[in-house]
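Below: the structure, in C-alpha cells.
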Amino acid sequence: MKRIAVLTSGGDAPGMNAAIRAIVRKGIYDGLEVYGINYGYAGMVAGDIHQLTVDDVGDTISRGGTILYSARYPEFQEIEGQQKGIEQLKKFGIDGLIVIGGDGSYRGGAALTKLGFPTIGIPGTIDNDISGTEYTLGFDTAINTVLDSVDKIRDTATSHVRTFIIEVMGRNAGDIALWTGVGSGAESIVIPEVNFTMEEVVKEIEDGRKRGKKHTIILLAEGVMNGNDFAAELEKYKSFHTRVTVLGHVQRGGSPSARDRVLGSLFGYNAVQLLEEGKGGICIGIRGTQIVFNDIIETLETKRHVPYLSLYQINKEISF
Amino acid sequence: MKRIAVLTSGGDAPGMNAAIRAIVRKGIYDGLEVYGINYGYAGMVAGDIHQLTVDDVGDTISRGGTILYSARYPEFQEIEGQQKGIEQLKKFGIDGLIVIGGDGSYRGGAALTKLGFPTIGIPGTIDNDISGTEYTLGFDTAINTVLDSVDKIRDTATSHVRTFIIEVMGRNAGDIALWTGVGSGAESIVIPEVNFTMEEVVKEIEDGRKRGKKHTIILLAEGVMNGNDFAAELEKYKSFHTRVTVLGHVQRGGSPSARDRVLGSLFGYNAVQLLEEGKGGICIGIRGTQIVFNDIIETLETKRHVPYLSLYQINKEISF
Amino acid sequence: MKRIAVLTSGGDAPGMNAAIRAIVRKGIYDGLEVYGINYGYAGMVAGDIHQLTVDDVGDTISRGGTILYSARYPEFQEIEGQQKGIEQLKKFGIDGLIVIGGDGSYRGGAALTKLGFPTIGIPGTIDNDISGTEYTLGFDTAINTVLDSVDKIRDTATSHVRTFIIEVMGRNAGDIALWTGVGSGAESIVIPEVNFTMEEVVKEIEDGRKRGKKHTIILLAEGVMNGNDFAAELEKYKSFHTRVTVLGHVQRGGSPSARDRVLGSLFGYNAVQLLEEGKGGICIGIRGTQIVFNDIIETLETKRHVPYLSLYQINKEISF
Amino acid sequence: MKRIAVLTSGGDAPGMNAAIRAIVRKGIYDGLEVYGINYGYAGMVAGDIHQLTVDDVGDTISRGGTILYSARYPEFQEIEGQQKGIEQLKKFGIDGLIVIGGDGSYRGGAALTKLGFPTIGIPGTIDNDISGTEYTLGFDTAINTVLDSVDKIRDTATSHVRTFIIEVMGRNAGDIALWTGVGSGAESIVIPEVNFTMEEVVKEIEDGRKRGKKHTIILLAEGVMNGNDFAAELEKYKSFHTRVTVLGHVQRGGSPSARDRVLGSLFGYNAVQLLEEGKGGICIGIRGTQIVFNDIIETLETKRHVPYLSLYQINKEISF
C-alpha cells in the first residue's frame, strides 16, 4: 500500500472533514501518499483526483460540510461506472480507497470490493440510519442543531396556546426525531418505526391542555409524512392552532460537535490502518468506546438499522 | 404616580424580558409598585393583572420570549375594550402603563392616550418596522439567529450546484432580509421596499455561475412572497436546483443578544422615568447611543419606517 | 415504595436537571410522590426537603446548573451525619433516594446503603472520572463548551507566532483535555494519566514550527499542574511567547447538549425503576446504548476510572 | 487611483475579514486592483504584499481573526520605518492604503498621511476605545462572547453562595465590562472610568445577600486591576468565597456577529470610496446608522473616547 484515496458521497454531514483530516494526517505520518477525490463517485469516474498535504487539511476539523464536496451519482450502480472508476484510481497509482457516506456510498464500496478493489466504508450521515454502528458521523451535531432550534421555538411557544409541529430530517429513520424529542421534552414524537394514529396524537395534545399546558411540541420525522400534511390531518379533528416548522438544510451544517470531531478522527485513523493491513471490504462502526469492523457486503445485505426505541416509551412516561 | 403596569403584546421578541426586568427593578428602586399584565390587552381587559417583585424578574434577562405572555387582541381597537381596560387598571390602582410590542401595541397605547390614560410605548418586535427608532427590541437577536442558520446552510451549499432560497420574517419590512443578506454575503436580496424582476435575479445567479460559483444564496423577505412561490417563479426560467428553507418561528426565540439586553434595559428604565415625570403618550426609541422620545399618536399616523436601504446597493457591489 | 427523594451533590453539571425532571415525571407517572432535597447532603441533614410536581420541572430540561442546588458537605462522611440524614428522610416518609453527583455523592450513597437505606447513584460530573460508566452526565456538554472556546482562541492564534496553553478542568482525570485535544487538533495534550517530559512538549512545538506552523495549542488538564506554572516551566527552555487561558467555571455551565439531555433522562428513568423494584445500593452507567447497573460499594472500592487512552496516541499521529 | 492595499494591525478583532472582503470586492467591482499586506506594518516594511482576488475573500465573512494576519510593530513609530513602508508600497504601484486596527494602527496611518501617502483608518478592535465612532469593529461580537460565558458561570453560580469575579478585556477602556455588566445583570461593574472603593463593592455584595441573593457577579475591566488582585483585596474585608475567571483570548475570537459583519462591510466599502475620491488622512466611524468621516490626525491628537456612562448608573438601579 503506497497510495490511498478518500471521497465523500451522498448528503454531507458535519465531521466528514475531521475524518478526511485524520486519513490524510495518519496516512502521511505512516509514509503513504493520500489523494482526495472531489464530488464522490462522480469525481472518481471523471478523474477529479488530487494529492492532499498536511496543510490542505489544516484548520478543517472545526468546519461543517466536506472539503472534498459531495454528489449523488446513481450511475455508479452500473458495472461500467465502477470499472471506469477503478481505472481512474489505477491511473493515479492508488491502491486503496476510503468512502465516507451513507447507504449509497456503502453500495459503491461493496461493488468495488466485489471487483477486487480494497475499499473501507465510514458511516457519514446525519440520519444515523446505517447498520453496523451505534452512531454515524454527523448525527450528534445534527441533534444538537435541531435542539437549539426547538429550544428557540419553545421560547415563543410558551406565549400562545399553540401546537408546534417540527419536521426533522432522517430519511426513513426516526433517530433524529426520537433523540431530539426526548432532548426537548416534546409532548409527542412521530417516527416511521412506530405505528401511531392521529387519535393518539390528538389525545396527547388534549391531555396536556387539561393539565394546563398552553403549548404542545410535536417532533415529526420526515419519513412519516411532511409537516404541512400532518398539520392538515390534525386540524381535521379540531383546530389546534398549529404552526409548522420544516427545519430543512440547516440540520446538515454547522461546526461539528465534540463527539463528531472525535468520532471522525477515530474512524479516519482506523480506516487507514485497515488498508495498511491489507484489508478491504470493511465498514467501520462504533459500539460504546470500541471501534468495530464489519463486512461491508454482509452489513448492507443482511442487517437493518433499528433506532434506540426504548427512548420512545421513556418519552411517553416523562414528557406527558 | 404610585403604581405602574407593563404588558407585552403582539409577536414576542427577545429582549422583552430585559425590558420588563428593568421596569420592575427601576420602579421598585424608586419606591413604586409595579404590576404585570398577562397576555397583552386581552389580559388587561380580563383583569389578568398581578404585582411583580424583584425576584419575579430574577434570572430573566437571558431568557427569550416574554414572562408576561403575549397575545393578539383585535377587539382592543374598539372603544368599549379600551374603556374596559382602563377600568381594570383603575381597579388595581394603576395610574401609568408601559406597553412593549409592535404596531398593534402602539395603536392600543395611542388609544389609551387619547382616553387620557398615561401610556408609554416600547418598540418590541423582531421586524424592526416601527417608526421613531433606529432599532426595535429583538431585531438584533433575530438577525444573529438567521445568520447562524444561513452559515449552516452555506456549509452544505458549497457541496452541490444549487440555489438556496431562504425565506425570513419581517412582515411588510425587508430589514431582516437586508441585514442578514449583507451579513451572509447573499448573492441576492429580495425585499418589499425595492422593486425587482425575476430576470434580474436570474442574471445574478447566472453571473455567479459564470465566475465559477457553485451555489447561490437568496435572502427573501416574507413580505415579497413565500419561498415556495418564489422558487416556482424562478424555475420557470431555468432549472436552478432550488432548495427552499422557511426559517419560521426559530427567528423569534433564543436568548437575547448583548445589544437587545442593553437596549431592553435602556428602554425599560427610561419608560419608568417618563411616567414618573408625569408624561404619557410617548414612544421610546434609540438613535445612535441616544434615547429619543416621540409622540406616539404622531409617530403612528405620520411616520413610516424605512429600512437601511444603502445596504441594498452596497451588497450588489460586494456580494456579486 | 411510595415516596422517593432526589438530591444533587458536589460540583453541578449540565444535564442534572434533565435527570431530576425524568425522576419527578416518571415517579409521578407511576403513582409515586417525589421529593427534592436542596443543597445535597447538607440539605438532607438540615431537612431542606419539599415535594416536587410535574410543573416544578417544566422547562428545566434545557437549563444548566441544578434546580436543587448543590453543596459539598464533608461532614456527611461521619456516621452521625448519615443517621441524622436518614432520620430526616423517614420524617418525610421517604423510603428511597437517588443521588446525582460524583465521587463524594457516591460515597454518601454507599454509606446510606450500608445503613440499609435504599439508594441509587447517578454519575453526574463534567469530569467523567466515575467508574462503572463510559460517560458521566455533563461531560459531553463540557467538552463542547471547551471546544467552542478553543476554536475562538485558534481564530486569534493564527495571527501571531504564539503558544497557547489552555488549562481545562477534570480534577485528577484527563478526559476533558484528551477529548478536546483531539477535537481541536491540539498539537500537544498533557494529562495526569500519561507521563510526559517538558522536553517532549518542547520538541512538539519546535517540530510544528519547522513545518511552518505559526501557532501551537496545548491542552493541559488541571490535574497535571496549573497553566501558569506550566508556562513558566516551558519558558525555561526557550521563549515560546506563551499565552495561558484558564477556562474555569465556564466549563460547568450552559444548556446541556443533546446527549446529556438524553443521558439524564435515561439515568433518571432507570433510577426510579430500580427503586420501584425494591433495589438499592446500585449505581447506574451507560455502555454504548446499554444502561448498566453496578454495585455502588464495589464500584467505589475496587474499580478505577481509566480515560480513553487510545485517543492520546491517535492525536500524536494526526495532530503533529 | 489604480491600486490600493489593506492591512490589519494590532490585536485582531472579529469583523476584520468582513471589512477586508468588502474592500477587495468593492475595489474590484470598481476596476481597481487590491493588494493585501500580511502582518500589518511589519509586513509592509518587509514587502509581504500580494494581490487579492474575489475568490481569496470568498467564505471569509463568517470567519473570526484576520486572513491578513496581524502584528504589533513598534518600530513603525520611527520615520525610517514609515519611509521604508511607503517605498515598498510604491514598488508595487500602490497609491492608497486602508489600515484596520486600533490606536497603534491609527498612529501609523497618521504618520503616513503626514508623509503624503493617502491612508484611511477603519476602527477595528474589540475594546471599543477609539474616538470618532460609536462602535469599533469587533466590539459587538466580543460582548456577545463574554455574555455567553457569564450566562454559563451564572448557571453554576446559583448553586452555591459565592462571589464570581469575571475579568474582561478592554485595555484602558471599560466598555466591555460596562455593556456585559448590564447585559448579564451583574451586581457590580468595576471600570477605570469611574472611581470606586472596595467598601462600595463590599456593600453591594452584602446588600444582595441581605435580600436573599445567594451569588454575586462582578464584572471587572482589566484596566482597573487583574482579577486575582481584586479578589485578594476583597477578601481582606471578609470571606466572600470568591472565584475568579479571566476570560482571556476567547474574547477576541469567534464568528463575527451580524452587526460586526454589516459594520465591517460598511466600513470597507466606504474606505474604498474615499480613496477613489482622492481622499486620505481620514478615519471612518459610525453614529447611529450614519457613516462618519473624521480627520485621523485630529482624532488621534484631540479626541478622547468616553464609554456609554449612563449605563453605569442605570445598572446600579436595576441590578441591585
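All chains are identified by letter, namely A, B, C and D, in their written order; residue positions are counted from 1 within each chain.
Everything below uses one rule, namely that a contact is a pair of C-beta atoms (placed from the backbone, for glycine too) under 8 Å apart; a residue touches a chain by one contact, two chains touch by 3 or more.
Predicted, not measured: the structure shown is a model, and the values here were computed from it.
Fewest steps needed to get from chain A to chain D, stepping only to touching chains, is 2. Chain centres computed from CA atoms place C at the largest separation from chain B. Each chain gets one centre point, the mean of its Cα atoms, and the points for chain B and chain D are 28 Å apart. We define each chain's centre as the mean of its Cα atoms; on that basis chain A and chain B are separated by 36 Å. Work out the mean CA point of chain B and of chain C, and you get 40 Å between them.
Shown for chain C are the residues that touch two or more other chains, namely 151, 154, 158.
With chains as nodes and touching pairs as edges, the resulting graph is a single ring in which every chain has exactly two contacts. Listed by chain label, the pairs that touch are A-B, A-C, B-D, C-D.
Within the complex formed with chain A, the chain B residues making contact are 11-12, 14, 63-66, 69-71, 145, 149, 151-160, 164, 243-254.
Note for the complex: chain B touches chain D at residues 21-22, 25-26, 29-30, 54-55, 59, 61-62, 134, 140, 143-144, 146-147, 151, 154, 158, 179-180, 182-185, 211-212, 255, 257-259, 261-262, 265-266, 268-269, 287-290, 308, 311, 314-315, 317-320.
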